[in-house]
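Please read through the structure below; I'll follow up with questions.
Order of writing sets the labels: A, B, C and D. Residues in every chain begin at 1.
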Amino acid sequence: MAGNAFGSIFKLTTFGESHGIAIGGVIDGCPAGIKVDFDAIQFEMNRRKPGQSTIVTQRKEPDTVKFLSGIFEETTTGTPIGFLIENSNQKSKDYTHIKEVFRPSHADYTYSEKYGQRDYRGGGRSSARETACRVVAGALAKQFIKTIKINAYTSAVGEIVLNKSYKELNLANAETNDVRCPDSEVAAQMISKIKAIRKDGDTIGGIISCVIKNVPVGLGEPVFDRLHAQLGKAMLSINAVKGFQYGSGFKGTQLKGSQHNDSFNTNGSTKTNLSGGIQGGISNGMDIYFDVAFKPVATIMKAQDTIDNKGKKIKMQGKGRHDPCVVPRAVPIVEAMAALVLADFVLLNRLTKA
Amino acid sequence: MAGNAFGSIFKLTTFGESHGIAIGGVIDGCPAGIKVDFDAIQFEMNRRKPGQSTIVTQRKEPDTVKFLSGIFEETTTGTPIGFLIENSNQKSKDYTHIKEVFRPSHADYTYSEKYGQRDYRGGGRSSARETACRVVAGALAKQFIKTIKINAYTSAVGEIVLNKSYKELNLANAETNDVRCPDSEVAAQMISKIKAIRKDGDTIGGIISCVIKNVPVGLGEPVFDRLHAQLGKAMLSINAVKGFQYGSGFKGTQLKGSQHNDSFNTNGSTKTNLSGGIQGGISNGMDIYFDVAFKPVATIMKAQDTIDNKGKKIKMQGKGRHDPCVVPRAVPIVEAMAALVLADFVLLNRLTKA
Amino acid sequence: MAGNAFGSIFKLTTFGESHGIAIGGVIDGCPAGIKVDFDAIQFEMNRRKPGQSTIVTQRKEPDTVKFLSGIFEETTTGTPIGFLIENSNQKSKDYTHIKEVFRPSHADYTYSEKYGQRDYRGGGRSSARETACRVVAGALAKQFIKTIKINAYTSAVGEIVLNKSYKELNLANAETNDVRCPDSEVAAQMISKIKAIRKDGDTIGGIISCVIKNVPVGLGEPVFDRLHAQLGKAMLSINAVKGFQYGSGFKGTQLKGSQHNDSFNTNGSTKTNLSGGIQGGISNGMDIYFDVAFKPVATIMKAQDTIDNKGKKIKMQGKGRHDPCVVPRAVPIVEAMAALVLADFVLLNRLTKA
Amino acid sequence: MAGNAFGSIFKLTTFGESHGIAIGGVIDGCPAGIKVDFDAIQFEMNRRKPGQSTIVTQRKEPDTVKFLSGIFEETTTGTPIGFLIENSNQKSKDYTHIKEVFRPSHADYTYSEKYGQRDYRGGGRSSARETACRVVAGALAKQFIKTIKINAYTSAVGEIVLNKSYKELNLANAETNDVRCPDSEVAAQMISKIKAIRKDGDTIGGIISCVIKNVPVGLGEPVFDRLHAQLGKAMLSINAVKGFQYGSGFKGTQLKGSQHNDSFNTNGSTKTNLSGGIQGGISNGMDIYFDVAFKPVATIMKAQDTIDNKGKKIKMQGKGRHDPCVVPRAVPIVEAMAALVLADFVLLNRLTKA
């Protein structure tokens, strides 16, 4: 089926193009009885929105959510929650120059080929603007699973890598700087890097790490819907993501079993946690931690050779206001997707025993 | 829902425990009219089966598939294909010693906590034996999408890493040695490494790389069911997998947009392919390539401290015949899961246009 | 999962309460390339809307659809189609009298018990207002499957029954009178009946029949998703429906096989059609016809004994402007749901052969 | 997707043709911790199996279920339950005469057209033999929801109709006679009728009624997955079913609202129950009751004109041992499908509140 829905019980369906009337979604399966904190939702939206700092795109979009249903007297009713975010700052003229152009490493070509046509304005459906809807739903999911704590942060911008375990960091510091890196020294380097990149009209990739604490034992549905498999899919569904690893990750491939195995304490917790909080696809109560790799944004302010939709060679250059590095704004998106995965598995785990 | 089904149209549901009567599955949604090559299916099974070489577990299981339905006069009929693989070599006594033990970094603890009970024999449902069913279905999927070529191979065993692009390799060579590495020199090192590890009663991780050629443009269903997101989920659902990256992957995070963008040729192909054959979640016709990280097998032939199901400390040691490195036998599993993903998206892509 | 989505490929998810800000939905899986006839959609909306004639509720709601996405330059793009219908005429004060009341044969009690709370205004989610969203999606589905002709009509209002086969009727006449019965004489009796019932402050049930012509052979997915099973579910999901029969229906239970069997013509069509155009759950190309039974509307303008949400006995009387008979306005809803079922099966049938 | 799975959480996938090696299925989502009563499952199988009395087909099939997984030490483990029933009495030669024949009112023609080929032996996948798998799963579902009591019985055979409300009957009597009608006098008439029909080489239709008592309030997932919509789909998915009605059903269309509304008692129960135990698609705790219409079996022992798969006219006559009336053996199938629906909704209802 068309892939615009995520989750099996706590299920988000999104719609909308970057330059249409509005983007939005429906959350079906959100349990009744959650007292909704609208400010907390808007707070998450603000973490993602354009124009929030000097190192992100300077587009101005208020990104205000309008809830249409499913919440009555500030409480969820168990019926589907429809919501929308108007595209107030459409500026469609910015995009007429790409109407017939296939931009390199964008989705212009693949959408055209797949669907036979496309809304070319600003990437249309393939724009990361769609992720605003995920942040809305994720923010609500967080309120449902409120004892579980999800913290994402920037751990690399290009070659500037935060070489510390999350245990050495105060994750709350991530929100104290524009790049959302919890180490202030490294954050400063990252910010300088992004500014230099932007000045050069270029873009740069990065890594977001995420830590989930206070996870109940039992989340995840093997054999296919393992907790980490669904987390991986969630992350890989975010624009520009190229990789996912959890626990020991790619480095764990170099270890021996005798080094990698996590010994138990008598209460079922483990002395080490190379497993990353998941064993056999099911949470074991230890911290879940994972990394998400983001490629550099494809839109650069430099002239590039490309082709138009007739296959003719042309030269083009990015216009408008784009992110030099997607990572700072993607931090709340990673958290939102993690929250959606967990909310779904929390519900599914109610079904395990007779 | 319980997570024992994979795919939306070409859909595999598996069942079975490692030491029950049989494992098996149902493939629903396989199109009618595929002339089934049973030898090709058994060939894939043999690539996965125990005892195939000196560097894998020496258990003897014939792993013969028995098809029960959905194939008539050697041709698929469009009805569900039920199949089973008998557990001929059960040796349940091997496992009585773990009845009340939670083995480190196995799923014993999490299954017990989640379900309140478990079939403890040989890992039960959490055993990688289940993946034999995936190989059956994947082998059939390959026959449906037969113009698409999927080749996986071992690219790392512990610290022995094959530092070559797939373009420099003759992938057909992978099947010429026991470790399934297409570079014979590196293969020899890997095999020595595994033998040494086994002698030591230990285990080691590794990486499998996979290349998919001749992919039609248009596969993948954004925004959530992007081709790489579903591939990632598929790979992460395989036992012992800790990470997935495609195209430029984690290394791509260090690149600039001007380095990373893939310029078009006039026919829509691209000069470089850091995108890994997928743009905006949709295949663009270029090669798809990705890496899958496997942790070391948790069962080691060394004494370990652990606990029993009452939380009492005990000492235990692996028994039986286990893989010192899972990677050689996991190569066909990676291919099978890739085939299932592609078969599903090939079908879904028939639905895109009016 | 929560049940606010219908269809597997051409999939409608609806949201909204009768007295919230708006109702709406998302159509995911609508193929790209359909030139949208917006007037035709509004035409269907007008057939369902309140106030359209003297025998339906006199509420005034324009029921104008606003499309938010998925349509570009008047053509579907293959991306999800979000839409909404504002609740312009909310009149919430009409409903404060039922805040703590459980109305007989309404869903007040069951929603309260199931969800622990409810939006009591006008029935909230359980209001038939939700069906407006189905009409939107159904109208679009009709444009996708435009060679298939779906005609529903009123065949009974209370004891006034149209005792003619659809073959004896000119179905186009159904739209020439307010009750949507294609026989003008019977229509007149039905209209008189409804007026008398309304005058009495009461309501009355009825039957809608539906005929689908020009159906391709092959629609339906046995064994569970038989064409008629899905049609039945679709119809039974409409408010107030108590029964469904197709082909020979309940009367067919009295026939012998020798009477009931439909003999073939040499072109595969059948001489009779007691099967109702479906054999083994798959369309055979003959006309599909079925009946849908609607109970009388529960809201009557008479005093009734009931209870409040504390279990206290109270007396209540319907207020506001309600339908004396739901059937005339339900005709387009029946057609819409049939169109959704067929559109889905037309797409699924593309997947049957290799 | 291909339609061989039923249920969203407690999910049955079936496979198998009537004359293949075996039929079987997988139950995924059955909660852990159910102590399985295998005799009770076989008891249900025996109620459905051929040869059980003089008024059903005299084929001999033991219909013994073999469970392959998901049950350990006689208790469900939460993992998928694979099972199969061997086709011991295949007698394929009985069917060679229909290899190239399209039998009237069978699924031969539609399967051939849809899939391009078919297993012609005994109807293949379209045979009602598939329902044996539903009885297995339904029998297990009954053990999960064991406080809910489901009783189906024969209420009509041709024109012999049991004109009594279920409240006037002792439903336990249904199992005391071969036709499964709880009124012994009417049962005797029905049995005579079936014997006369069989003697004549003909078949006859009938109606099964079903009563479900002790249903918790809250089952059903509006707006599309209403309890009665899913029950209706479940019943309509059974071979030979032409209609479904619940509560007041088709007769309720003739009532006024003032007659039809069910007044509340102060404890939330209702004085009458024309609603049939469901309001707004959600169970209200009252008895659920419904009727299922079965057409006469298409295979008759009389010569019929028909066509072959080249469109040539031929004469054919039923051979083998067939049911003169499907209703007596369909009683346990109706119960099984009802049990599957309820088990699913019982699980889903755990997800309603935060």
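The criterion applied here is as follows: a contact is a pair of C-beta atoms (placed from the backbone, for glycine too) under 8 Å apart; a residue touches a chain by one contact, two chains touch by 3 or more.
Every value quoted in this text rests on a predicted model; they were computed, and no experiment measured them.
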Chain B against chain A, contact positions shared by both copies (same if over half, else different): same
Compute the centre of every chain as the mean of its C-alpha atoms, then state which one is farthest from the centre of chain C. B
Would you mind reporting the rotation angle for the C-alpha fit of chain B onto chain C, rounded to the nearest 5 degrees? 180
Distance between chain centroids, defined by C-alpha means - chain B, chain C (Å): 46
Centre-of-Cα separation between chain B and chain A, whole angstrom: 26
Taking each chain's centre as the mean position of its Cα atoms, how many Å separate chain A from chain C? 39
Check each residue of chain D and list the ones that touch at least two other chains. 1-2, 4-5, 8-9, 14, 29, 32-33, 78, 114-116, 125, 351-353
Interfacial residue positions of chain A with respect to chain D in the complex: 1, 9, 29, 31-34, 76, 78, 144, 347, 350-354
Can you list the residues on chain D that touch chain B in the complex? 1-2, 4-5, 8-9, 11, 13-17, 20-26, 28-29, 32-33, 66-70, 72, 75, 77-82, 84, 114-119, 124-125
Complex interface listing, chain C residues touching chain D: 1-6, 8, 14, 102, 104-107, 109-111, 113-116, 125-126, 130, 156, 158-159, 197, 202-207, 217-218, 220-226, 228-230, 232-234, 236-237, 242-250, 252-268, 270, 274-276, 279-284, 291, 293-300, 302, 304-307, 311-313, 348-349, 351-353
